[in-house]
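A, B, C and D label the chains in the order they appear, each numbered from 1.
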Amino acid sequence: MLNARRPKYADDDKLHEECAIVGVWNAVGAAKLAALGLHALQHRGQEASGIVSHDRSEGRFYSRKGRGHVERVFGSPERIEGLKGGGAIGHNRYATTGEDMTSNIQPMFAEFAFGGFAVAHNGNLTNALKIRHRLVAEGSIFQSSSDTEVIIHLIARSVRSTLAERVVDALTQMDGAYSLVALSPKKLIGVRDPMGVRPLALGRIVGQAVGGGDAYVLASESCAFDLLGAEFVRELNPGEMVVIDDNGITSLNPFPPAVPKPCIFEHIYFARPDSVIGGRSVYETRKLIGKELAEESHPANGADVVVPVPDSGVPAAIGYATEANVPFELGIIRSHYVGRTFIQPTQSIRDLGVRMKHSANGGVLKGKRVVLVDDSIVRGTTSAKIVDLVRRAGAAEVHMRISSPPTTNPCFYGIDTPDRSELLAARYSLDEMAKQIKADSLAFVSLDGLYRAMGEPTGRKTEQPQYCDACFTGEYPSRLVDQDEGLIGASSGLPIEQAAE
Amino acid sequence: MLNARRPKYADDDKLHEECAIVGVWNAVGAAKLAALGLHALQHRGQEASGIVSHDRSEGRFYSRKGRGHVERVFGSPERIEGLKGGGAIGHNRYATTGEDMTSNIQPMFAEFAFGGFAVAHNGNLTNALKIRHRLVAEGSIFQSSSDTEVIIHLIARSVRSTLAERVVDALTQMDGAYSLVALSPKKLIGVRDPMGVRPLALGRIVGQAVGGGDAYVLASESCAFDLLGAEFVRELNPGEMVVIDDNGITSLNPFPPAVPKPCIFEHIYFARPDSVIGGRSVYETRKLIGKELAEESHPANGADVVVPVPDSGVPAAIGYATEANVPFELGIIRSHYVGRTFIQPTQSIRDLGVRMKHSANGGVLKGKRVVLVDDSIVRGTTSAKIVDLVRRAGAAEVHMRISSPPTTNPCFYGIDTPDRSELLAARYSLDEMAKQIKADSLAFVSLDGLYRAMGEPTGRKTEQPQYCDACFTGEYPSRLVDQDEGLIGASSGLPIEQAAE
Amino acid sequence: MLNARRPKYADDDKLHEECAIVGVWNAVGAAKLAALGLHALQHRGQEASGIVSHDRSEGRFYSRKGRGHVERVFGSPERIEGLKGGGAIGHNRYATTGEDMTSNIQPMFAEFAFGGFAVAHNGNLTNALKIRHRLVAEGSIFQSSSDTEVIIHLIARSVRSTLAERVVDALTQMDGAYSLVALSPKKLIGVRDPMGVRPLALGRIVGQAVGGGDAYVLASESCAFDLLGAEFVRELNPGEMVVIDDNGITSLNPFPPAVPKPCIFEHIYFARPDSVIGGRSVYETRKLIGKELAEESHPANGADVVVPVPDSGVPAAIGYATEANVPFELGIIRSHYVGRTFIQPTQSIRDLGVRMKHSANGGVLKGKRVVLVDDSIVRGTTSAKIVDLVRRAGAAEVHMRISSPPTTNPCFYGIDTPDRSELLAARYSLDEMAKQIKADSLAFVSLDGLYRAMGEPTGRKTEQPQYCDACFTGEYPSRLVDQDEGLIGASSGLPIEQAAE
Amino acid sequence: MLNARRPKYADDDKLHEECAIVGVWNAVGAAKLAALGLHALQHRGQEASGIVSHDRSEGRFYSRKGRGHVERVFGSPERIEGLKGGGAIGHNRYATTGEDMTSNIQPMFAEFAFGGFAVAHNGNLTNALKIRHRLVAEGSIFQSSSDTEVIIHLIARSVRSTLAERVVDALTQMDGAYSLVALSPKKLIGVRDPMGVRPLALGRIVGQAVGGGDAYVLASESCAFDLLGAEFVRELNPGEMVVIDDNGITSLNPFPPAVPKPCIFEHIYFARPDSVIGGRSVYETRKLIGKELAEESHPANGADVVVPVPDSGVPAAIGYATEANVPFELGIIRSHYVGRTFIQPTQSIRDLGVRMKHSANGGVLKGKRVVLVDDSIVRGTTSAKIVDLVRRAGAAEVHMRISSPPTTNPCFYGIDTPDRSELLAARYSLDEMAKQIKADSLAFVSLDGLYRAMGEPTGRKTEQPQYCDACFTGEYPSRLVDQDEGLIGASSGLPIEQAAE
């Protein structure tokens, strides 16, 4: 019944991924730390945010959720202080799965016979609709159209006795990609799915624990730790569950082992450049991709300037410029006064969108042979506008270079991609694509070039690729039950909510 | 786990009851009619309102809920128009049961295997917590602390095949008082509990149906029909269920028969004077109570003026003044600019509260022997302030007359009463009460006088009273399971929500 | 250029007057007292409110203004506390003069060479536009379309040396009706115009002064004093100016003497019934008018019930019922959940307006000969709807009785009246009016009857009436310069403001 | 009486300038164009925005002003459409002069005897307070503490007959820096002060005029034109006034000639890099300054990376890295989710401020000799935090290089600078400054180096510098009347306003 992945923004030209999660255990000011973590991870979702905290002395949970940026939802000190206690989990939402409903904002909460718990997760489950249908038939009541609520129902209905066991019980039934945090009065749980598609990292704040000692934090990306004053301990392994409580941290591997398939697109575009994922600096990887790109496809006749499409194209452009020995220049200026390209759920001034975000820096472009570096092309509409912007500013030639292979397939693991029919690279040959975006030339990094930049000197292992690269190859590493059974596409039966002001 | 009936307003001096419901079937502009009905029933609950509508052509439900008056929640035309369709149910909330959470605002909604439905109810269930505990143990997830959600879970888990059968299945398990409306894509259902504690009336709007013909409405009180352009058809009988669909109205009596016990306090205070309840004009009844009061307890030395405590004391004061042949005067002026006495969930200017609502009309009071007529005394604090107000304006004597018997017991059927320990009449003798409120004399109408005013010439039938009058007698007409099993009083395990703006 | 008196509400049926003022001198919590005073005077204007305070220790003024009720504008304790100091003046606005602009909200403020001052006034100046044109030509800049700003400019341009002298200088140039309060760092000034058209009263709060001693308050009506804990000292005389400062109260009579012409309509409708104006209880006067009305025009065939149009018709109906010896009954129930009839600046649900405010109490009306008592008829549209409401509820006969003479002329002294062409009584004979509103009979109290009720046993003195009764007689007690010179009617040249939220 | 230049943000470390202006004449959708222009100039002021438009067919002005970003104030299509007409002027405010009052938001409006006009200006007047005192003494009433209101009063009081003549009359009396736009029903006027301190540019939108033909626009910087679809015509000359009306554009030079003194700091920091000012590309200039800096002061022992303090330090860092042949790296990542460094009027999370805006990109910094490039140092507090951030990320050495000379003097021409006593460079030697910010070395570009980068091969002309560089030299190019007469520093006598919601 749900429309899980309807593309939102007709003229956007990028992929984007849903959601960030954070968890804080036993820390003074846990909700404040969670809010800072969500701020640091704002790039992973800007539609809505929520925090649930638990205060042990009062034996109560506290909750605040709202639409908009973290700053808007939690922006006043009183709000944060009202979320009492030493345990907290938080979530930034980008609405891929489920519709735009307040009840979809995570974390979600449920009461148990033996207490309450809250859950937030990041990713996309590929059999959530099938399980939801079964649960509804058994009398479960859903308040939202979110995957997360499916997990919560499975936890609530589990006959196991501890929260950790129930979480395992629930997740064992789920296919797809997720990183998850769960908070009960007695523990914080973090889980990364067996394929490890989405990242999840563990940090420690020395001396910040309630009553002294160290507090622990979980976050989608390591870049969140610095703002919290936390040190980066390590990433969770694929399939690992950590249970953090008064006895410290317990690491479990409760799921059947699977071949790791971390999402390669986190490295290309989604993660913040100052994060470390899979042990690799995201910034460094992007520069290396730029280097590969320059080696593989520098214009035969040379170029005068290398210009990034800001901001996501900057590291690759630096790598490219260095390798090609061509000046790196800010030929496109990005406005500080709108959000990250295309991640906003409405686009009222459609034609002006690109120009409100990007303006041409004429002096750099006029009469020049320009290499434009961007991270990906999805529908191609934004790329065409950017090329037009640069050309109208006087560029003599515009060569578009993309720091990822052609995106030919939708993602079912949490990155919001349009239908295959809308993907430029699925519809056209390379030459046709160049024509569509009106570039003098167009090139993408090769799959092997990408893997080399990821530290795999021999490139992609064809029979068992080291990463999930389904968006470039169509090789999905798991079953796609909802997709295969045709469950995706109908709208939810839930009421269309008017927000209560 | 829930604190079902915690008294809210420490210095209030009145009882109040929770909630109003309306239902509209197959009418052009159903949500607008529901909003007008809620406006007309605003006196039954002012904390929050909600409407769920269903549009058949789109096959979708629509929902809007918010805190505050109906005017605030639904006040702009666009909002109402966004609630599309020909079917709608609505609710005004006064928070007796459950805490102040957005998720407690009715109507509530659930998906079925075969579609969705919404439910709103008015009253109080006396075994809701016991059933809730059982459902939680079985894996049901509660999003609110409301009784209504218990009903919805029972409906969802029922194995019967139609909504009407499932509603009966659910309600058969519930004790206590309720009037309920339920909306599915195919029908509107209205139910009054077997004792008929809370009112529910049926109306018809000639020619208003979608596609022509008559539309039907349900409302807590008949006074709502006039504003909707509806004609009053009849009240539902205790234990009656009406199912309204494309085939018209079907009346069912699906519950085991019970002795009717309509709430006598609706007649004394809560209902609007222009309503007809139990076939009786509320206004006329209140005048008759005033007449009984004058016969039973006019001051021996006479009086100069009869002054109502506005507005609820006015009809009884008119009856009293006529019977006693003493001039009726507006000795207390009520401000239009604050809500109904004590029905507001905060009271920040505590000391000024009474004076912001009531002011003494000095010319009428100065040097006079004043009979003050009010409808009830709960804690006595407001009465004391009113007597003081009148006395400071120069009254020579102040005789307080109350148009109900002494309130000695809390209500478990939906009227928000403080604990017995806070009820003035449960703690003091009549003389002591007069001293507490500093009146020269104090009298309450007798139980038999009250019943005579209700059209029972021989008064109250002791062995089987004609009404529920437990607040005056302690004779509760049903089991009080949650109360007897000690389930009432703890707070919910749900998070304390911060409203999202 | 200004459209001073455009009628706002096409289907309203009442007159209404603009504005209330309060002033507080040297009191602990001056702004809080001012806000309470404005709350008590809310009936005089509901469109907007403002308070300017002065804090002597900081040598600063503070200001808060906003649209809506006092409760909305000043509703939180922090807001009031932010208006520091011991001196404050406040204003409730009803928009007769000037357009609906934020900059029109009073009090208004100006800097002098020797300091700042704030002014608020109540009434209407009949040569304000002429003077405004002169000032603009001389280079004065107006930020609003309010009369008050004209006064402020005259004060600023005066060459006199003290604020009191400058105020006199300015007001001497003005025609029309006003009561005014002005606040400087060193004094509070109150002025009533030489004719004394609008009321202004002086009160004292014993022991409330900053540093001990008594604080003083000024208010449009005495009814405000009780809520402030103030005692009523006296009304200001027509043409009197009081200057309140550290030396106490000085009373001046700086204007040429004039024949007092207090507004008689304050007594009929506008003032709160518990106020004392001109030494007379407003409530008592209204009852006496009802008595005169019954004597003059009780239906020849008798009546079964006397029913007030609530709330303003209640006192006259009580007087009428007593005199006619017919039962007084609440045949029309007024909703608590909308503002005072027609005083709201928008009326979106035009057809529903009357029914949302008033509902028929059928039991009282059915089959009865009803005398309906109301205070005035302006356009007649509301009266027609009320008569219809009563008749549809089953009344056998409806006899409308009005506690004022026919309103045949617009007011130029601050009561918002439509053009003469819209006044029912200016267009029709008595019989025709009865037909228009579909009443079985219609009668107004006579002019002499009205004066008798005002304590003038011989009625109205024709050659020199004791009150301003121009709305009934067309005898305006002052020049109407702007009107006579055709300055009224064009819109202001100021921008049409969009409120900044 | 006014506190013209009180520093607002105690721990900020940058200069900032007030305000942007735009004007649009005879264009379809003038207000929309003005709003887009303000969006493009958002970097010049983020505290508040306003637009006044004029619609010729209705003969009315329209106005909208509000606090916050352009997007917030004008964000919905209905708001913009409500600002009707073909003429519009707009303003972004950054609050240097005047306090934080709604009435200070520009444009400001006044009525004339012959119509209305609106004015917005950018800059700072150095004798505004003196003139204001004179005007107040003559009876002018000020509603704001803004310089603009002084200009408006002078225009209103002028005895000249046309708006253009009156504007000249008024501006001739003013000292200091300003660019100004004024709108009347018949014309749009643009003026640049005789020294040309602030920029102002003219553009044309082909075919956009109401009724066909070309529309004209004025904007603080040329970067605004692209977004409006306008072509850049030229910059106004110092002392030039353009009058745009139905007869086209008239250029006047009504003021006594003066030596041009454009602000050099626009080029260093304030203007957008894609603007052209004084015929020079701002981006290119900044790169050249970086080049000069590298030549003058590259660390003797070499460096491993050049890292800009984003975003304002980026162009200079590129120039530096190229000249020094050291890799340019993004060692500091700037969050997209907060506004431009320190330009926000509150700073509640004081300690976290820098870290919420900037995070260290560890991989780039660890073990490296880092050259940090920033544009200026004001108080030094932010610089110290940035150095600390980089060092804690593992940098072996941190060499700070600044692309402006030491800031030793406050600006009186519109850039918000703290008192001299708070300027790091006014208090300490170069070595002491390096210690304060804990850098291993610190260097500023030389004055001559700066001038060379500005295209002056022989550097600064000592006797008659080509630019206003008073912030670096203390050589103010005009009288500082208010400053010299001690008028600056007291707070305004106007009330402290509470915003009305």
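Throughout what follows, contacts are C-beta pairs under 8 Å (C-beta built on N, C-alpha and C of every residue); 3 or more make two chains touch, one makes a residue touch a chain.
From a predicted model like this one, the values you see are computed outputs, not experimental measurements.
Relative to subunit C, the most remote chain by averaged C-alpha coordinates is A. Our note on geometry: subunit C versus subunit D, Cα centroid distance of 49 Å, whole angstroms. Subunit B and subunit C have CA centres that are 37 Å apart. Centre-to-centre, using mean CA coordinates, subunit A is 62 Å away from subunit C.
Residue positions of subunit B with contacts to 2 or more other chains are absent.
Contact topology of the protein chains: cyclic, one closed ring where each chain has exactly two touching partners. Residues 52, 60-67, 73, 79, 82-83, 102-103, 109-113, 115-116, 118, 133, 136-143, 152-153, 156-158, 491, 493-498, 500-501 of subunit A are the ones that touch subunit B when the two sit in their complex. Listed in rising order, the residues of subunit B touching subunit C in the complex are 36, 39-40, 42-43, 69-71, 77, 223, 226-227, 272-274, 276, 281, 283-284, 311, 314-315, 318, 322, 327-330, 333, 335-340, 348, 352, 355-356, 359-364.
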